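Take a look at the structures listed below.
Look for subunit A in each of the two complexes below; its partner is subunit B in the first and subunit C in the second.
== the complex of A and B ==
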């Protein structure tokens, strides 16, 4: 037990602000568990929310590879998510316009292949240029993909959407809600560990260099275009996987979630969590779900409905205001990356060698490595 | 569908009107891009704000002025246009002071992301003040001008002509400002090299102030014209933003004259898509008009990222 708490305090939580944030998160977790035990919150509902947070966390991790690692501005998160969701839905749902009813594995495979292909297509003209070209082109891409899904009814069923998407791994001896929650936890763990590994690799270091000074990376002989393309494709594929997972979570998909607002939710999750920080991306995703579901919950309370206030614009106002406030006051986010680049062994050496008594990392030793995020 | 065969000139006429709107929006976006050095994603929603401000002023201007009119449009419409332009100019200056200036310490990317937040806030405020429904200015319906219809076989309404004429007036005024006045020379110098301009004694903060005023007013004019030709919708500006960006990129980012040219071309292409579809040149119809503008933009990025008039990529 004490080993666990030491691990938590040394690996996850390393300064007072972060300790406070994790304390709040822990409190919320306890409250949720109490809520389930006392029957206030249905376990099914909670598992669905966990799966939803997990999906947002995957999207945030994907965007973090692009924006956080490489500094690429991708405004088509919703589009790659939609590509994944539609690949899964079209291939696996028996009553989709294609009517194939294939095994979900094919849906995931198609999601990966198609999203990688489209990411390369949009990356070729934009990644050699200044960052804002990708921002503009990706916003356009998102609208084009939405237009295609809405208009090509013979293939995508248009605005009526696709239902009858099968559950994942229904042979497991768990309820469907528990199975999807378990799957998303596994997916996040795999993606998280993979990203942590590549982030600490030489590849990750080159990306960080590109992000802070692309000319420097070029001067060091790195083909920055190729590195950025790889980061862009990896991030897009993760988003598509999240979309495919969502299709099997919600069992129904229509184009209404492909709007740009979905993309900006993920942006909030990443910049609020801490650009470049994978832990932050996961925490940010949880916060965003709390905002989304919280406002929906308010909508269900009769009191607000009698006032005749439409909450959709308020949510928009809140999201926009939050973006402005984060950019102004806390560009580092809640959990900025500190020493994610450093192997734990190296950190232990520096902390035992340094004067710091409590095992906390001396700031000076890490700032030069991980503090280039602004 | 209209059973009549539509004359190709009709599409060109529509293209000229739509181009006017895009040109007005593209100039403002290009000014911000060249002087404040960031892609302003709130520009489309600034058009919406201008259009709705004009709509708001119609509420009190119309009872005051009655339906007396000039050039086939009621007088109150012209005053509402001026009101909308003024309101958007003031709002964009305030936005710069309150939101963009404080994040100035960061780079153009920080401003770009902030502008997304600004866009959402603008739209939310429009939703909250005017509701989610599409509105009209209530300008009386007009038939096409008879003699144009007889000679050329195309339908052009007086309001089409007013939109195009006012756009020409505004663009000419901007051209004269940029080339003949001290302010214009300062603006061009700042756009060219902000540091050098500052060293030469130009107060760049004044230039930025003027830039937001002009950009906001022109965006509002574009928004009001769009609302006049189609409907005044809370999403109108954001929906058109991509086309405006395509125009700016086609013209060459930061070049005001390039933006005018790009706006003309993109606006025309946007309206000619159904004609190209009829002729078999374009594989898609008008539902994908915006997608065609996007494809053109990507093609330009591939072939000549600096645009028609830009100097460097």
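== the complex of A and C ==
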């Protein structure tokens, strides 16, 4: 047990504020469990929400690779998510326009291949240029993808969407909701471990250098174009996997979710959680979904009913208010990155200070570099 | 000053690391670099001075590949690098620093230093998964080198500091140390003591001299006259995008054309 608590205190929780954040998250978890046990919350509903949070966490992890690691401004999160979702839906749903009804594995594979291909296609002309060109091109890409899916009815079924997408691993002895929740947990774990390994390394270091000062990276002989391309493709593929998963979670997909708003929810999640931090991306996604889904029920609360106003449509206001609070009181996000980007196995434990994993980078409150230039 | 006054740099040196031939660059109607041919001999500290707007920084950017030249060639160790990207030139052994220290947000001094050596095995995702022990070994060696270099430059105590917390002079030292970890054939320093207090400037001078004695070649732009006159030999003087002259510090100091250029004698 002590090993676990050491691990928790060294890898998850590093300062009192983080302890408070995790305490709040723990409290919410307890409340949810109590809610299920007392029958206030249906377990099926909760599992669906967990899967949804997980999917958003994957999207945030993907964007974190692009924006958090490399400083790439990608406004087509929804597009890569949609590419993944449509790859899965088109290949696996028996009544999709393609009518193939393949095994879900093929949907995921297609999502990975197609998203990687499109990421490279967008990256080639834009990643050699200043960062704003990718921002503009990706904004365009998002609309192009949405327009294609909406209008090429013979391939995509257009606005009527695709239904009949099969459940994942329905042979497992669990309910469908529990299975999808379990799958997303596994997906997040795999992605998280992968990113953890590549980030705390010379590779992650070059990306962070590019993010701060691309000219410096070039002057030191780094092929920045190649590094940015790798980050862009990895991030896009993670987003597409999230999309493919969503198709099997929702069992129905139409182009209405491919709007820029989806993209901006993910941006909010990453910034809220702490740009560049994987833990932060997951927590940020959970917070954004909690607000988005939680506000649906605000009108059911008796006190608010007596006010006679409809609060649910104000959810963006809540998200905005939260962002302002975070930026005011915790500029670097809820759980900002803390690790030095040094290959863990090579850390010099004997030297002074080198052993402390948190020694180098100041926490948000005391950082002299501050948040002014964010 | 008439064109005849532009004597040009000394060419035909023995062991040339860096050579430019008739480099030209114009921004619209302004000719910033006008047929510059210089040679930097291996093992020297070559200085480059000139009044504001003489085209020193433009020339640096052309040499390091950050600007595209309109005409002319750049050669490193006899190899034409004119068509190469900045990072490719760096790998050929031509490494530069920047005039304003570059701040690496969210990185410790240790991390900022470790970006220097390259290409590293751990910069490939494939190696991170399939040859982790090689990455570990290389990373250990690089960390050790970082520690030694910082100690040598007498800033070993800063290794855990956020790299954004350093003073201007300390940042210049880190830049110099990092540039050195790339194992360059020639180091281009753009104003290494601009905005640095005199004590630290003297330290920087001492370290540059030490590295030079160990065989490191330098090309240094500097506005601080006593600093560069004491450190560099030969010195190349630029004026209005052209090489005015090249010579020892004494020759440069007593040259009428140089004095005229600095005192605003430019013009026909």
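By definition in this document, the second predicted complex is superposed on the first by the 307 of 374 C-alpha atoms of A that agree within 3 Å, B and C clash if a C-alpha of one lies under 4 Å from a C-alpha of the other, contacts with A are read in each partner's own complex, and residues count from 1 in each chain.
Throughout what follows, a residue touches a chain if its C-beta (ideal position, glycine included) is under 8 Å from a C-beta of that chain, and two chains touch if they have at least 3 such contacts.
Not measured: the values here are computed from a predicted model.
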Which superposed partner A:94 touches (first subunit B, second subunit C, both, neither): neither
First, second, both or neither for A:276, with subunit B first and subunit C second: second
Contacts of A:202 with subunit B and subunit C, given as first, second, both or neither: second
First (subunit B), second (subunit C), both or neither touched by A:164: neither
Contacts of A:230 with subunit B and subunit C, given as first, second, both or neither: second
Contacts of A:124 with subunit B and subunit C, given as first, second, both or neither: first
Touching partner for A:26 - first (subunit B), second (subunit C), both, neither: neither
Residues of subunit A that lie at the interface with subunit B and also at the interface with subunit C: none
Residues of subunit C touching subunit A in the complex: 64, 66, 85-88, 90-91, 95-98, 102-108, 110-111, 114-116, 118-125, 128-129, 132, 135-137, 139-140, 143-144, 147, 159-162, 164-165, 178-179, 182
Parts of subunit B lying in touch with subunit A, wherever the complex brings them together: 38-39, 41, 99, 102-103, 106, 108-110, 112-114, 116-125, 127-128, 132, 238, 241-242, 245-246, 249, 287-288, 290-291, 294, 297-299, 301-302, 305, 313
Residue ranges of subunit A in contact with subunit C within the complex: 197-198, 201-203, 205-206, 208-209, 211-213, 215-224, 227, 230, 276, 337, 340-343, 345-348, 351, 353-354, 356, 359-362, 367-369, 373
Residue ranges of subunit A in contact with subunit B within the complex: 71, 73, 75, 122, 124-126, 128-129, 131-133, 135-137, 139-141, 143-144, 147-148, 151, 260-261, 264, 267, 271, 310, 312-314, 316-317, 319-324, 327-328, 331, 374
